[in-house]
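Next come two complexes built around chain A: one with chain B, the other with chain C.
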Partner chain A sequence: MTREKIIQLVNQIFIEQFEIEPDQLTPEKRIFEDLALDSLDIVDLVTGLQQKFSIPLRENKDILEIRTLNDIYVLFEKLAAEHPDIIAKLNQDP
Partner chain B sequence: MKMPMKPRIAITGAGVISALGNSRQEVYQKLLEDECPTRKRPDWADQMYGTYQPFAAAVDLPTETAKTISRHFRRSMGNAALYATLAARDAVAESGLTKEDLQSGRIGCIISSTVGSPSEIYASAMAVLRNELQALSSCQFFKIVSHSSAFNVANYFGICGVQLSPCSACASALQSIGLAYEQIKLGHQDAIVAGGSDETTPIVLESFRFLNALAKNPDWSPCELSRPFAEDRCGLVCGDGAGIFVVEEWSHAQARQATILGEILGYATNCNGAQISQSDGASIAYCMRQALKDANLNPEDIDYVSAHATSTPSGDREEASAIREIFGDTVPVSSLKGHLGHTLGASGGLESAIILEMAKNDTIIPTKNLARIAEDCAGLDHVTFRRQKRLRTVLKNCIAFGGVNATIIYRLADF
Partner chain C sequence: MRSALVFTFLALSTVLYFLVGIIPVLIALCLPKKHRGRWMRYIILYYGLWQIRVVFRPFFKIEFRPQPDELTRQAGIYVFNHRSASDPFLVALFGKEVIQIVNGWPMKLPFYGFFARLCEYIDATRTDFEQSLAHIGDLTSRGVSVMAFPEGTRSGNQSMNHFHSGIFRIARELKLPIYPCAIAGNERLPDRSFRFHDDSLIIVEQLTPISADEVAAAPTAYALKQRIHLAIAEASTKLDAEIASRIRI
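On to the complex of A and B.
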């Protein structure tokens, strides 16, 4: 899966679920401070990422370390390498 | 010894969300024009038992209106809490209370509904049945708990005084306003954002249908179905919305130079202790007498009775018997349920807000579809056509499942 595809899928969650304008979604943005998400939103972000990528995340320790949007992109680049079967299915979607 | 003066309690703001409009002026105008919001809801049929064709007087809120509440606040709201917040925003704006007032700890919030959010409870149940609990939002709990409307409104304004939610089905709003009146009389708060909200869904309809309380004549058009006090009444029409007041201690309102829309003169609530699904005339009459006593008024002081009357055979009969016992045929009586549907936990607040407009215009909105008065509801001064009358003092009833009654007496002119 390309980084561009990962950015597209992650950003969709921020746009649709958190109603953030697309032009706000640049990699350096901090999730709490810049994008104004809070602890309840993080629960929904994890749920949204699980649904979008079909990868279980609740027990994933790395997800606790994300601070910026780029941290999420990088995490999913790593997860894409670990879950090639799931990612192959996602790649078939338009 | 000089007796202390009884505190006076003012209404300084009133907001509504309803199927007839989202300001009390708009709703009043549409009532004058006899506009009816009850519609067939074929889109709800697949959630109803059997081959039933559902109907309701439901709010159709544009998404852009909902989005005037930011996502941060909206994320924890079901529709009932959303309607409450939108109505409260108008009420607070009209009252002129400032952010500093609201966040002083001297302002409270008492708002209730039948349950937190029927649509979100249904969504949660479906998630359980589909084994999709992990997909529910972090805010699902906050949408469905019984005090959802109260804390969502309090959170929206930063209110940090008393927060209560006396959920009592169709008496919820009137009990909330009454409780606000009592809290302020006791000196606990200077003002309270108070009222009720509710949402109607296929499951709500089915709950009433199961108890034979939903209107059931398939030959009538949707707008003919609710006919309080009528000989051929056959059940209620469900509606929804919100009606929220700012209730305020009189001198506090005067010191702010707030416009006073009305005064709460008296309040009472009780229950019949005998029947959870049937109204009871004796306990309704007792409730009205207690409210009159609290207001230090006699029956002849009342200019108009706004009845709860939902168009169910037994409920209307019992309320009519209670009104007849106290007022005979000397006081005009009407019900707004034929126009708005039964807006459940919102009804006491929404209908009270409309009464403010009726009083402002010296006009009584008649009971809709009341062509032939039932024998068991006769002996009252039923208002069947629009009537001009100065409404100085008005009595409002709400009656709820659980055998609950509530009555508030308002002064709406000559303060």
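On to the complex of A and C.
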């Protein structure tokens, strides 16, 4: 899975579930300060990411280190390498 | 000087109000919890109206622009921007039986805290999400609305801080309407150091309500809070411009 595909899928969550304008979604944006998510919103974000990527995240400690959008992209690049079977399914989706 | 005068008026009028109102307060204290809460909420409502319509009158003018009654009949969540410590008084303008969600310290104040607890106000710093959900569900089923300031703290100026999403999550879970409201002109009445300046006009405007169906249809609490934040920010900016132009005239 390419970084571009990961960015596309992650950004889809922010656009569809959080109604954030696409032009706001640049990698350096800080999740809390710039995008105004709070700890409760993070629950929705994690749920959205789990559903989109079909990867369990609740026990993932790296998720606690996320500060920026780029951190999410990097985390999923790592997870994509660890879960090739799931990612292969996603790659088949348009 | 002005601040000393306002606080003297506030203190004296509070003593006077509760001297006159001591009998209803004593009766309320003898009632079962649910009835006591209702009595206390009305006692506090009339206290708020007494302050803003009578006591503050010599110092500044307050304009209130509500929505028609038929649009706000259902108990729901009133959401405000939060610039000043006068905001919790101004919500009395709505004339409804309400509780407020407060940020810890008002519950600890010797006098106000006592009444806040009797009114069943929610201390956001000591109440978890599930408790708040159950409490608000119970109150709204009895026709009591909730007044919330999701910024969590006073901005002290014309800007708005980010909203916390908890109250929007509760509105979605309970399928409650949201009544967004903008307050402008009171950022220095008083300022963050509790000094009253010479500003002379406050406007409280209720914006278009968001129905329970619209609330439930929002994809996330975040989407809802951002929509409402934007609506209140735009409305308060317009009100600031109007106040500035009217004061210049």
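Brief remarks on what is shown
In this section, the second predicted complex is superposed on the first by the 94 of 94 C-alpha atoms of A that agree within 3 Å, B and C clash if a C-alpha of one lies under 4 Å from a C-alpha of the other, contacts with A are read in each partner's own complex, and residues count from 1 in each chain.
Methods note: a residue touches a chain if its C-beta (ideal position, glycine included) is under 8 Å from a C-beta of that chain, and two chains touch if they have at least 3 such contacts.
From a predicted model like this one, the values you see are computed outputs, not experimental measurements.
Partners chain B and chain C, once the complexes are superposed on chain A, run into each other and clash.
In the superposition on chain A, A:Asp44 makes contact with both chain B and chain C.
In the superposition on chain A, A:Glu19 makes contact with both chain B and chain C.
Legend: residue contacts after superposition of the two complexes on their common chain; A:Thr2 is shown touching neither chain B nor chain C.
Of the two partner chains placed by superposition, chain B and chain C are both touched by A:Ala36.
The superposed model built on chain A shows that, among 2-10, 110-118 or 164-172, the segment of chain C colliding with chain B is 164-172.
Residues 18-19, 36, 38, 40-41, 44 of chain A contact both chain B in one complex and chain C in the other. If you check the complex, the residues on chain C that touch chain A are 129, 162-166, 169, 219-223, 226-227, 229.
If you check the complex, the residues on chain A that touch chain C are 16-20, 36-38, 40-41, 44. Residue ranges on chain B touching chain A, taken from their complex, read 67, 71-72, 75-76, 134-139. Of all residues in chain A, only 18-19, 36, 38, 40-41, 43-44, 47, 50-51, 58 touch chain B in the complex they form.
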